[in-house]
Amino acid sequence: MPNRVAIVGTGQTHHCTRRLDVNGVELIYEAVGRALEDAELKMKDIDGVIIGNMDHFEGINYVDCWSIDGSGGFGKPTMKLTTGGTTGSTLAIAGYHMVASGMFDKLMVIGWEKNSESDTTGAITTAFDPIWDRLVFAGAISGLAVEASVYMATFGVTERDAARVTVRDRRHACLNPYAHLRKEVTIEEVMNSPRLSDPLKLLDLCPRTDGACAVIFASEHVAEKICPKPAWVLGTANRHLYTYLGDTDFVNLPSLRRASQELYSKTGIREPLKQIDVMELYLPYSFAGLSWIEALGLCKPGEAPRLLWDGVTDLGGELPINPSGGVISCNPIGATGLIRCAEAALQIMGKADKRQVPDVKIALSTGFGGCFWSDILLYGAKKPQ
Amino acid sequence: MPPLVNLPKEAAHFNLALQLHKPEHGPPQRPPKIDNAQARIYSEAHLTPNRRDTMSADWLSNVEPMVYKSRIKVPYTWSVGETGSRFFVELRDNKRLFGKRCAGCNTVYVPPRKMCGRCFRDTDDWVEVGPEGTLQTFTVVRYSHELQPMAAPFAYGIILLDRASTGLVHLIGDTDLAALRAGIRLAPVFREERSGTILDIAYFRPVGSR
Amino acid sequence: MAAEKQELLVIQSGDKEQPFRYAVGRYGSKFFMELRDHKKLLGIRCPKCGKVYVPPRQVCGPCFERMVELVEVGPEGTLVGYTILRFHFVDPETGQPKPVPYGYGFIRLDGADNAFQHFIEIRDESKIRVGARMRAVFNEERKGNLADIRHFEVIG
Amino acid sequence: MTERVAIVGVGQTRQERNKVYDTFADMVYEATTLALADAGLSIDQIENVVSASNDFWDGRTISSMAINDACGSYDKNISCVEGDGTFAAFYGMTRILSGAYDTTLVVAHSKGSESVSSHITNAMFDPLYVRALGLDAISSAAFQARRYMDRYGVSEEQCALVSVKNHGNAFRNPYAQLPLRLTVQDVLQSRMLADPIKLLDASPISDGACAIILARESAARKTPKPPVWVRGVGYCADAYHLGDRDLAECAALVQAARKAYDMAGVRNPRKQLDVVELYDAFTYQELLWTEGLGLCGPGEGGRLIESGATQLEGDIPVNPSGGLLSAHTVIAAGLVRIAECVLQLRGEAGERQVKGARTALAHGVNGPCGQSHCVWVLGV
């Protein structure tokens, strides 16, 4: 009988553009220390460590080995996972399986990135095929811009509609002390920001961030002893569908549609908009806040702008999305998916302070990356059957 | 872990070795017996060098294998952090070496760490170490690549600086490489122009040599 | 904070690079041979679902079928999606800034089911729209790589 | 473990110096289809996939993007471990034990032919304190070899015996890249790379992929071949900075092995294990790892090989496949060790078969000088 698994502690650095005061290992150490403090545990209580990032952002090979002093992995089972932008959520999914397997009781899961240490677009371009992609590809921004162009042409959605997503996330970020960009912006400011890659403008996009996040996953035998109100993991799913970018159907992120359908059917979610109380979504740019919530089944394709303008996804709305401020406000890439997980857990635990959504029973987080890939996790306040 | 003989020449060297050491009885036929189920799938679904001409589509056997020569050249700027910066500033400005001690286990870490990985706590006080130390282990490198700051042959050592608990990896120079052995005493040779990097120490050399 | 301001250092990798010799493989090499020698674009058809993919590769992902049937596609096609890159970034192949602006688009080549990405010509930006008909423009000197196609341009 | 997990299929490509005709995807497709055929399963019966690759070796961050179609992961759950295949296999196993899946495909690939290994392995060292010195895998391993030999009096001749044995064993392995008929003199006289490591003490550059299929007991019982059971598995990491460790010891391996042995009920590994496939990236490593695995006492690795015990006919054969010295497909290398153990336990290892093997050990490594080890005990 597999173990039920809960999140019992989280720790984040105060994310920012550049942390000159710490090197990468020290940045990791900071997040791990905060997670231990949150769970009131010592490193000796932890059975194992998994860690992830994207190698070419910092140019470190074998990060699991390099980070030992800061990760707490000395003398413990330590492993690295990486799947690009989805790394953080991939780590969370691994944290779930590894603890559910009964092989670990308390597992430290760490995502981190120090994006200040390289040229982000240059480094991310190396994620793509050297023979078929690198000549023409320009990092995540170019791929996302193409997706936006297709989405606009298909549904007649406007740049203004997308700007509403940025406005929401940036407003929420002001309530989150860990977020990187904590300043509100207006629709006009988004519309008038410099054009980087049509139709995307500077404020449609996420920043590049230095930051780390650590999350402690625990088995049912110990979870409630560590944390009075742990966040139980109800289910996970992912789809890493494509090998070649051109195989992608750019409309409504099929990987997320399929992964969410699997997750919903496993966990009994029929009406996500009604049944889920809060979502922390990996939305690296504004249009994703429209197209991808359609993929999640919150509304029909092309109808997301109405949900946004009606305030349904704002704090105080029916289904708040990204009370943390999301990725548009903060993006230490290898940590980003795990921050979504930590923030969703904080909402369940009731520890989200000013960004707390009242009475959260079910929360959802996603990860995005690679070749239009998606990961998804569902959390609950009640121990699953 | 990933080791390996790395230079293109080395591959040729291995091929040469193969010729020099012709097996007395000869190697088994290659590719040799793979059991039937596997072999069927293999020939249907795969190309092995010896089966290329059995492909159903002729074009597969008439392809010139192309190689795309490229490189990854992403410039990095690594943050040293408060702890490491203090080490490098002392090295650069004062030619002094410092470690950091963990009061939990009394280990003096060189290079200094903000934290003790074993005790998983902050380290405590700065300890001046060296400048001399004892050679723990070493190697004389006899192959060359562009990342090496010296031309081969040259030596690397792990040097336990006086008052430190952990060894520092560095270069050894200005000495008879054949006379190196663990246990000898070494002293750093500082560069005249220092910029706050590990190469502000040009290399270590045996104490008493010149 | 009254604490003395500490000097914080960085270490730089300088112009170090990692050289690679990426194998193009049989399927890709065949594509580049035809491109180089005959200015032809090749796709490959899945024997199970019948989809034609560009560039050719061994496996149809959804069917997990091995593919061998080459199909000539293009050189014309339809623009599926595009962008114009206007910001500066480091080209990881050179370590230098990539020249911008440039057009980048996905073209569904005639006869293919997926899209093929390449530069798109942007002298007249007003002509570029999703659904536009495009045509490959080949370089006169071709070496057997993706740059043998100069770009795709809007027809008419 | 709450439920038994078995390995029901294995597949490996031939390991070669330069698979210039094959992309990563081509190699992975070959290994995957071979493993499926071996397990008598179709891709539809594989419920999820864990791949293993390394972004530096592949020259591509998100290296797994190259192979997701080729490993049959379309519309399935998939993840990627960056590190040796033995670690990926561990994660693959937990995805079964978590109750989520009945079967996991684990596939690893590596192509040494495409990169310059000194550049890749230099990047595993600390960028602040070590990298500028130009250290790489060979020179760092030489530190360890020197320290180990100094500490225990292990000789270059004893190390050379490993090369002679493993390159000789490779003649019996159709997948191995570098069978060589060598004498101790050949090894000693081969070109010095970084003393005490000579050319024939080092493993070659190799291309290859390997896949295994794991299944829970109920699913394993339905496959045609006898299941090979996972009896025990453990992994553990040591300190990172080389100067923090005594390189003559391998504490992390000792701990990883203890975990695996405890699970498997192995109290006397020398007696209870029938065959060992370990990660011999350099000759001295085989000796040092045999000590860490408890096949002999500390410092006795040299005498162990001299005794002939680790020969194919010995009482504890080590690397009958020829080991990494005969083909070093970095990330796939540990998974190849598992696959070789499976063949041994099924009695399908052909000319390299260890007679009557019932319990086998496979070993993988991550990081410089064996920083992180993973140990598997398998049995029938």
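A, B, C and D are the chain letters, set down in written order, and residue numbers restart from 1 in every chain.
As a convention for this text, a residue touches a chain if its C-beta (ideal position, glycine included) is under 8 Å from a C-beta of that chain, and two chains touch if they have at least 3 such contacts.
If you're wondering where the values come from, they're calculated on a predicted model, not measured in any experiment.
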*Which chains share more C-beta contacts than any other pair?*
B-D
*Geometric centre distance via CA averages, subunit D-subunit A, whole Å*: 33
*Euclidean distance of C-alpha centroids - subunit A vs subunit B, Å*: 35
*Hey, how far is the Cα centre of subunit B from the one of subunit D, in Å?*
20
_Numbers and ranges of subunit A residues touching at least 2 other chains_ = 20-21, 23, 56, 58-59, 68-69, 74-75, 119, 122-123, 126, 130-131, 134, 241-243
*Using the touch rule from the top of the page, what residues of subunit B touch 2 or more other chains?*
45, 47, 63, 65, 67-68, 70, 72, 74-82, 84, 117-118, 147, 197
*Contacts with two or more other chains, residues of subunit C listed in rising order*: 8, 10-11, 13, 18-26, 28, 57, 61, 66, 90, 92-93, 145
*Among line, ring, star, complete and other, which best matches the way these chains touch?*
complete
_Which residues of subunit A touch subunit D once you look at their complex with the stated criterion?_
1-2, 23, 52, 54-69, 73-84, 90, 93-94, 96-98, 100-103, 123-124, 126-130, 236-243, 258, 369-371
_Which residues of subunit C touch subunit A once you look at their complex with the stated criterion?_
8, 10, 13, 20, 22, 24, 28, 53-55, 57, 61, 80-87, 89-93, 98, 104-106, 114-119, 129-131, 145-147
_Residues on subunit D engaged by subunit C in the complex (per definition of touch)_ = 19-23, 25-26, 29, 43, 56, 59, 68-70, 72, 74-75, 111, 113-116, 119-120, 123, 127-128, 132
_Contact set on subunit B toward subunit C in their complex_ = 45, 47, 55-57, 59-60, 63-82, 84-86, 88-89, 147, 196-197
*Along subunit D, where are the residues that touch subunit B in the complex?*
11, 14, 17-18, 20-22, 26, 29-30, 33-34, 37-38, 40, 54, 57, 59, 84, 112, 116-122, 124, 126-139, 141-147, 150, 171-172, 174, 178-182, 186, 190-197, 199-200, 202-205, 239-244, 247, 279, 281-282, 328, 330, 348, 350-351, 365-371
